[in-house]
Amino acid sequence: MPPIEQPVEPLVNASKDAPVRRDGAPPGIRFEKVVKRFGEHTVLRELDFDVAPGERVTLIGPSGSGKTTILRLLMTLESPDGGLIWIGDRTLWHMERKGERVPANQKHLHEMRKQVGMVFQQFNLFPNMNVLRNLTEGPVRVLGLSRDEAEDRARDLLDLVGLADKITAHPSRLSGGQQQRVAIARALAMRPQVLLLDEVTSALDPELVVGVQDLLRDIARQNDLTILCVTHEMRFARDISDRVLMFDAGRIVEEGPPEQIFGEPSEQRTRDFLQAVLAT
Amino acid sequence: MSEVLDSYPQWVDGAWVTIRLTLLGGALALVLALAFGLAGTSRHAAVRALNRVYVEFFRGNATLVLLYWFFYALPLIGLRFATLFAAVLALGLNIGAYGAEVVRGSINAVPKAQHEAAIALNFTPFQRMRRVLLPQAFALMLPPFGNLLIELMKGTAIVSLVGLVDLTRVSKNVQGSTGETVAAFTVALVLYFVIAQVLQLLVRYAERRVDRMLGRGLPARPALDTAGVAGG
Amino acid sequence: MTWDWQYTGDVLPDLLHGLRYTLIATTLGYALALVLGLVWTLLRRTPYAAVNHTVRWITEFVRSTPLIPQLYFVFFVLPAFGLTIGSLTAGVLTLGVHYSTYTAEVYRAGIADVPKGQWEACTALNLPRSRAWLDVILPQAVRRVIPTLGNYLIAMFKDSPLLLAVNVVEVLNAAYQVGSRSLRFLEPITMVGLLFVVVSVISSILVRRLERRYATH
């Protein structure tokens, strides 16, 4: 895969308390007292956490603890009810205007989304396009690549995910595992610097899981990407991440390297959770 | 019977008027349906209200009342339409209101995940609609659009009441000149039936093409995972 | 020319008189459509392929041809066979037969929606076929389709002005006749238009209520 391009946009709302950005590294992420409610139900209450530039972090935790919500906030599929979310040295949901922090407009969100890519649990390929079109539509329409450039990029990515022969196939003709590979390629075609993975193998038949996980592991190793990953698969979490965050009720219960969290968790709640996951 | 058939130039002309009205009215209805249907999916309440007013008013009215209004009432306040134009307007506005509901419903029926995938690829709101939602919604729209087109074709018969010489009018004229009541009206009904069947064939053909485009209706693969395909 | 309220008031009695015929035609036509539609549906379930196909083509034919030539057919052709009928009767017959082809489809879908287990339960209880139909299947099917049937009542109401083609003085024809006496069409026809919109909007709200009430399960 070609090296990742640096963003050229000026740093509008640079701030001294923003996560530092190593030169040439993808941006880090910071949640600062983030609140998210659905009606009466508060899913995240003043959540704080950091992901360093280029760090790969796995979120684990019981169902309904807010893991997906965190990723969806970063992908701008949900909007927060309070707090700040930083990507690099800019806030995602706020922008600076005349020295004041105001809610982001569509243009700001569009700028910020350039850095972020997401792979969904249910793949969500576009059924009205074939595989090639799924991979080129974003680069052509959003990044402004020529069709030839976009197709070259798509071919490289299909080679990478091992589906070069499916280039003209229709998504519905692919197996779940193949669809998820295409979806991964589609996200990478946009050259994101932050990659969000939400239980990307849980909709797959068991025999297809390992292939997709190994592909993602290789991608994570060969590219400089900040990765936020939700998974219940310990082997995958160990392979892909530098650090694991254990969530419960919208708070971080425990964090540490995967070996520690999975090997000798210090919190009872983590132990209970891991036991429950292992039992299934 | 032979006398009735001898007047075939009249029948051909009448059928042509009926077909032309169907196509023109259909084109207008399609444009209105898309415009107001899209308005119905807007984030802005004011734009959605526009959709409601249009739909309730023109769906709630009888086409013939609309036609009479354009033809008899509006000229009195200085708005004069050519008869054909008034007819196309009445038919298009009425069927367009039904179509707008179809468009709105179909767009809303595209799975939300498709919309989110388009956001994740950083498509603009316009691109999401144009590249992802509309093409998928289109497949859902086609069958009801086919029914509406047939209803529109049937609706064109009202123009015979304001002087346009369509199939219905021709049947009445032929009945008057030949006195062959049974034959005249039977021929008219059969011609309408033929037009309706042809329209239906065209719509079916379009449905099959769109289904193929969306990868539906293909022989199922074993362990085929159809998650994410519109409508399942 | 501007709106004349005085004149608007003057034409109201004529419009109301016309409205009576609109309502008569709609109610009677609808009653006919409800019954005849059920007849088509049941005929299509007979084991005789010939009956089934004939009914299918007849209903398809009636459904895909316009009301006005159908009206002419009924009004002018029946007398040729010695059956002279009034224009209102012709209108009711035509509306009823035309819409019966729609209600037939509605019933068919409703019956198809009744779970297979209901039939099996009837067999298990050893109910005679007629009992099963009348006591178990039809009540459930009809219940499911009440909102759709309501929509066709509104549709038929909106098609009733077509009866002016055979000189029924329903509400639009009444408006037209008042208008042509004074050569002022704006007020009477606009009033009729508003009447249709108001009635349709109110009745679609009622239908939506029915939908909530009779929503499956």
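Observations, loosely collected:
To keep things simple, chains are lettered A, B and C as they appear, and every chain counts its residues starting from 1.
Simple rule for what comes next: a contact is a pair of C-beta atoms (placed from the backbone, for glycine too) under 8 Å apart; a residue touches a chain by one contact, two chains touch by 3 or more.
Please read all numbers here as calculations on a predicted model, not as lab measurements.
A linear topology is adopted by the chain contact network, the touching chains following one after another without closure.
When every chain is reduced to the mean of its C-alpha atoms, the one closest to the centre of the whole protein set is B.
Note on chain placement: the centre of chain A and the centre of chain C lie 56 Å apart, centres being C-alpha means. Centre-to-centre separation between chain B and chain C, using Cα means, comes to 21 Å. Chain A and chain B have Cα centroids separated by 44 Å. Against chain B, the residues of chain A that register as touching in their complex are 75-77, 106, 110, 113-114, 116-118, 120, 122-128, 137-138, 141-142, 170-176, 179, 186-187, 190, 203, 205.
Interface of chain B with chain A (complex): residues 113-114, 116-125, 127, 131-132, 135-136, 213-216, 218, 221, 223-230. Interface residues of chain B facing chain C in the complex, by the touch rule stated above, are 56-57, 59-66, 68-69, 72-74, 76-78, 150, 153-158, 160-161, 167-168, 171-172, 175, 181-182, 185-186, 188-189, 192-193, 196-197, 200. Against chain B, in their complex, chain C makes its touches with residues 1, 61, 64-70, 72-73, 76-77, 80, 158-162, 164-165, 172, 175-176, 179, 184-186, 189-190, 192-193, 196-201, 204.
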